[in-house]
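Everything on this sheet refers to the single structure shown next.
Chain naming follows the written order as A, B, C, D and E, and within any one chain the residues start at number 1.
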Amino acid sequence: MTPVLDARLVVERGGFRLDVGLRIGAGEVVALLGPNGAGKTTAVRALAGLVALTDGHIVVGGRRFDDPRAATFVPPDQRPIGVVFQDYLLFPHLTALDNVAFGPRCHGASRPAAHETAARWLARAGMADLARRKPRQLSGGQAQRVALARALAVDPALLLLDEPLAALDARTRLDTRAQLHRHLTDHAGATLIVTHDPLDALVLADRLVIIEDGHVVQEGDAATITARPRTDYVARLVGLNLYRGRGIGHTVTLADGFVITVADTMDGDAFVAFSPAAVALHLDLPSGSPRNTWPATVAGIQRHGDNLRVQLSGPIGAAADVTPAAAAQLRLQPGQLVWAAVKATETRAYPA
Amino acid sequence: GSEGGPQTTGIPAGAVTVFAASSLTESFTQIGKDFEAANPGTHVTFNFAGSSALAQQINQGAPADVFASASPATMKQVTDAGNGDGDAVTFVRNQLVIAVPKGNPDRVAGLTDLAKSGVKVALCAEQVPCGAAAKKALDAGGVALTPVTLEQDVRAALSKVKLGEVDAALVYRTDVRSAAADVDGVEFPESAQAINDYPVIVLKEAPNMAAARAFVTYVLSDKGRSVLTEAGFQAP
Amino acid sequence: MSKHDNPSTHHSDVLKPGPPAPVAPPRRRVGRRAPVALLIPAALGLAFLVLPLAGLLVRAPWSTLPQRLVAPGVLTALRLSLLTATIATVVCVVLGVPLAWVLARVDFRGRRIVRALITVPLVLPPVVGGVALLLVFGRKGIVGGWLNETFGITLAFTTAGVVIAEAFVAMPFLVIAVEGALRGADERYEEAAATLGAGRWTTFRRVTLPLVAPGVAAGAVLCWARALGEFGATITFAGNFPGRTQTMPLAVYLALEKDLESAIVLSLILLAVSVTILATLRDRWINTP
Amino acid sequence: MSKHDNPSTHHSDVLKPGPPAPVAPPRRRVGRRAPVALLIPAALGLAFLVLPLAGLLVRAPWSTLPQRLVAPGVLTALRLSLLTATIATVVCVVLGVPLAWVLARVDFRGRRIVRALITVPLVLPPVVGGVALLLVFGRKGIVGGWLNETFGITLAFTTAGVVIAEAFVAMPFLVIAVEGALRGADERYEEAAATLGAGRWTTFRRVTLPLVAPGVAAGAVLCWARALGEFGATITFAGNFPGRTQTMPLAVYLALEKDLESAIVLSLILLAVSVTILATLRDRWINTP
Amino acid sequence: MTPVLDARLVVERGGFRLDVGLRIGAGEVVALLGPNGAGKTTAVRALAGLVALTDGHIVVGGRRFDDPRAATFVPPDQRPIGVVFQDYLLFPHLTALDNVAFGPRCHGASRPAAHETAARWLARAGMADLARRKPRQLSGGQAQRVALARALAVDPALLLLDEPLAALDARTRLDTRAQLHRHLTDHAGATLIVTHDPLDALVLADRLVIIEDGHVVQEGDAATITARPRTDYVARLVGLNLYRGRGIGHTVTLADGFVITVADTMDGDAFVAFSPAAVALHLDLPSGSPRNTWPATVAGIQRHGDNLRVQLSGPIGAAADVTPAAAAQLRLQPGQLVWAAVKATETRAYPA
């Protein structure tokens, strides 16, 4: 099966260079994640035709949309796309209803038909009451829901959502996410969703693509990425401590010489990951089973859900989760010296 | 030739379009009414503007029958372009006077008084007829004076006197007469050397040649003259 | 969403307060004081623009005003002025707004020159502009000659000629004002429209134009006012024929030949009418978007 | 943030690709085709504005051009025109931008009337405008008489008078264009400035003004061009004296009395100079913000 | 101790009426939470002086800033405030550095001093590299960090932050949150932070104020609110099932007659809350200890972290969390009939 979207996006602007390959199949939802300034919005804009590629290609449904080498460029209005912009860009002079009806009108629907479609989409977004409002009279979250309805109302082959849920309150977010999920399940086209929320990605996307500084650093389904992060950013996203080194048998030696004992057998460049919850803290050198113990200094303590997250510095940086009770017992405070211990069985090692 | 005009008989009828210098506005409007009354079936339409603008319009094919100019120079532009039918005829002349504010506060009696320091004088620019005439008059009187402004036309010079911006201006007698409420005119002998002619002509491409000729004839007639002299013009 | 989609029952009606008061109280004036550094020059500027009008008002012959008002040609000239200025403005909007759009949005070679050429009718003394129009649209002109021979149409010395002269002189105001507004407008809305399938024409009509409506209104006001006051090009290109091409400024010119007072009266009539029209129209117009 | 603030070691340098190519390739032209519905009226509009210029060019006496160019008064008049138009524009900007700001941002009674009054100098035939200026600033005028008696200053027949006449006629263009731009500007930036402690003057100077710079530029261009072409009010208020008050349009008008060719040549000189100045200045200016 | 901020904000616009009381002490951080359109941004704008009160008052540090009855109104530029706007509103014509330097300049700093301050704040926000960029050349998250730096740089007595972290990526958000926390701990003034993220509220705020439809519905420290939600929205926010009814002894009877057995003794109007994790699902009527059992229909299933969240309809709506293994064993699918069970000891009841 050929993918709906087959693209290699190369865009240069100022000192920044985006270079990512993307393939999205029919009905597939891909989440694009990455730190601020990684190039997610730039990628969306390139796919939408709002910024021209400097190299690469964009093919959607077999049609070549952009190809600098072939001097092909299809303008945005002729691409079957729907876009939710990071800053909404609702037309300030049109009501919410007319904003949503705009797309259907441009695609040839009659006025009443377009309004009917728009009203339906607004109702789904829970915005039926505010259909006659101008964007300036909407709250941030309300505006974002209108923007989402506007993009979906054109039923595009390629749906590009740039942080479509960022301004929603927790409850609306849950509902909207669920509803978007239902919609995307039925959606025959390809969807690219940019998000900073791992939960959005896990719930909505079939596959995750993670970019950093304009390049894809990891790609795959949620399970793989959650289990085997390959960069700092991803490790942070999924909440793991991550190290890179050279594996020999059951040990992985980091660049600075620190040795981690792991359960798996490794040879060559390897990653080691373990959860902050796997890190036990002691006031004295623990004796017993943990194979990895090292002296560390408490750099900071923050609440983290019900527990406390302790940042450790020392031969390796790490985060440890401890219960408030444990913290009280250890009298943890910044600057304090502790022993950290991680059992080899709690670590996960995999080739770099 | 009169062929092509709507009237080929000698009796004038139909519309006559007269392009006339704007200084003729009042007198020609009167003459037009009189002419229409004397020649039932005629209708006179005027286009009053600056002579040179009229000359441009005529040379660019404006649908005019008669051109009455305020200076021979602008008339020459039309005749040189071959747009006149026959020669232009001078139908009135206009003479310069010194316009001073009502009551003549500076006691200006002649041209030489204008050269006194502290007297602000407006002249017309040399390019326009009244300016050329003024230069002639000043030369004739051997008076050298530095005006504060060289106006575009007589009216502008006159309104400067009216509004008190200048103490005197060299303008036509007709102008002083029409503004008699605000200004006085001081006649001076050198003006005889600087009399401006107003020529009139029937145009070659006149749509209504017969009526055009009749109109010019009427202007030159005693009835026409009397209207013009009433306004302060001199007979040629 | 069904009632049971979420993990808690709905009882917010119990917790909600009563409905809001139906009538909102009048909004308080909380405007910050305008800075003196702006108020003083603004007042000076206003005085500078309005004082001369006061001068005219003082000088106007009020006692004879009524009889002058009803003088035969005046109403005709006034009507013709309003008519031609309005048509000229429509022509300017129809041709000028697209021109401004092209200048602001299309990147073509020589744009800088075209943009400067637009100002030609501004700089050209109107009388010379009239001569230029005669050279092109006159009976012997480049375009006018052809029009005359082919269709028997003459533009010079007709009411259409007045419209042309006024439009020629007034269009640059519209083009430059609208181009300024277009450059100030946020292009990202146009991008958003494109992603929704709107071609450039639809985008222009349904997004760009409404967004720059205040700029277009300002341009149209400039354009209309300038057309209304047009004199030099009109008298040169269209002549000064009462009822056909004699607009108010031309009537004022002729009145000036007679006496200053008549000219002032005519000018004041023109001003009163235009100020009234603008005062009633413009606030409504400019506040639309 | 310290190196160990986060739960993983830093090794992104290992994972990062090489640095980006230092030189960006030239940007491709991907402009969407402009719609015919806009291009056709735009082309018509441009033709309408530019054709008369072509007529002048055809008619210009090219063979005698050089000798006419160096004719004595020409350069003086040109210099005076440029000087006075520029000073008038500065005056208009200094007084007109604050006035536009007050009209756009301060909510006062009678604003609608004031806004309409601003257009008075547009509608007033320039010659009558000149008369009105004389009535106020002339030797016997309301303000002028006082100036004359108290300080011995006369404005009529001086270069300052030319500036006043030009500013009077040109200021409305600036005010209306800038007001349109101000109304189109997003007031939320001004709110943001206020929360940062900026008073209205600082906000105006550091936020509002830069944001509406394209509108001010457009208004200033209109203003300058209009001042450069000003004729009627200037000759009426300031008179016509070579070297002191004779600007190019006055010279053109008088040349027209003699022969068309001289007038055309002078006009073309004026146009060439202004178009050149605008073409070099404006693109730079308008693209600033 | 008198609070830094003492306000009652009443604002009417269109059909919406905001009416909330707010008191924030010196050094205190209050989080303002609420669903979209609840009036959070309106409250911030009223405090900043960008919208006038229709009633009530605003007193900051003893100074009366707005009081319609006394016809007092202090314009925004004379209030010692710092605002991060929901849509940033960075000045488009100024560089990031000049944007941040704007405030100090307005407060009288010299140009070099203001630039120095701005550079310091930008560096803290991790934006030192991009100081010379114009806002249009920044990504969404970068722009938000500049906006935060801009508000903090004036060192205001009242700091108003409207969703200041919404556009940040997970990692930057963590860092920025930690840093903001450090900053706010030292901050002598009062801080109001609007957020949709419960974590932001928990980490940053000393106290939570929750508004719905313009009114305060709950207020208190995180522990109380987490333990005893009083509205749907709050229950959702903290992830609990919530019901309201009349308590008699160990039972609470809901409006529709359903009776929940609780561990606590209740009398009068009462709330009952329990966690989705406390809901056990069975294919047959379970026998044994759970005191609350009822037949339910599976309305929907979503991934939720490592588990699945099952929406149940029936006599009462509820959410239940089950492990994927359990779900597979129960062969859960929408429309299926199941028995739900909750032990009385897992419920929490408290007066309404």
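Just so we're on the same page, a residue touches a chain if its C-beta (ideal position, glycine included) is under 8 Å from a C-beta of that chain, and two chains touch if they have at least 3 such contacts.
Keep in mind that this is a model prediction, so the values were computed, not measured.
Enquirer: What chains touch chain C and also chain E?
Expert: In this structure, the chains that contact chain E and also chain C are A, D.
Enquirer: Busiest chain-chain interface by contact pairs, anyone?
Expert: C-D
Enquirer: Can you name the chain that lies farthest from chain A, using the mean of each chain's Cα atoms as its centre?
Expert: Greatest centre separation from chain A goes to chain B.
Enquirer: Can you check how far apart chain A and chain C are, centre to centre, with Cα atoms defining each centre and the answer in Å?
Expert: That gives a centre separation of 51 Å.
Enquirer: I'd like to verify one number: the distance from the centre of chain B to the centre of chain D, where each centre is the average of its C-alpha atoms, in whole angstrom.
Expert: 39
Enquirer: In whole angstrom, how far does the Cα centroid of chain C sit from the Cα centroid of chain D?
Expert: 17
Enquirer: Measure off the straight-line distance from the CA centroid of chain A to the CA centroid of chain E, and report it in whole Å.
Expert: 22
Enquirer: Which positions in chain A touch two or more other chains at once?
Expert: Residues 14, 49, 75-77, 87, 171, 174, 178, 232-233, 236, 300 of chain A each touch two or more of the other chains.
Enquirer: Residue numbers in chain C touching 2 or more other chains?
Expert: 5-6, 32-33, 127, 131, 135, 141, 194, 199-200, 211, 253, 256, 260
Enquirer: Quick one: which residues in chain B touch 2 or more of the other chains?
Expert: In chain B, residues 53, 56, 159, 163 touch at least two other chains, as defined above.
Enquirer: State the interface residues of chain B toward chain C in the complex, per the touch definition above.
Expert: 22-23, 25-26, 45-49, 53, 56-57, 60-63, 155, 159, 162-163, 178-179, 181
Enquirer: Which of the residues in chain A come into contact with chain C in the complex?
Expert: 48-50, 75-77, 79, 81-83, 85, 87, 89, 91-94, 102-103, 106-107, 126, 150, 154, 171, 174-175, 178-179
Enquirer: Touching chain E in the complex: which residues of chain A?
Expert: Going by the criterion above, the answer is residues 14, 33-38, 40-41, 86-87, 137-142, 145, 163, 166-174, 178, 181, 196-199, 202-203, 232-233, 236-237, 300, 302-303, 305.
Enquirer: Name, in rising order, each residue of chain C that touches chain D in their complex.
Expert: Its residues touching chain D are 29, 31-35, 37-42, 44-46, 48-56, 58-59, 94-99, 101-102, 105-107, 112-129, 131-133, 135-137, 141-143, 167-168, 171-173, 175-177, 179-181, 183-186, 194, 199-201, 204, 211-212, 214-215, 217-219, 221-222, 225-226, 228-229, 231-232, 248-249, 252-253, 256, 260, 263-264, 267, 270-271, 274-276, 278-279, 282-283, 286.
Enquirer: Can you list the chain D residues touching chain E in their complex?
Expert: Its residues touching chain E are 1, 5-6, 188-189, 191-200, 202-203, 206-207, 210-211, 213, 289.
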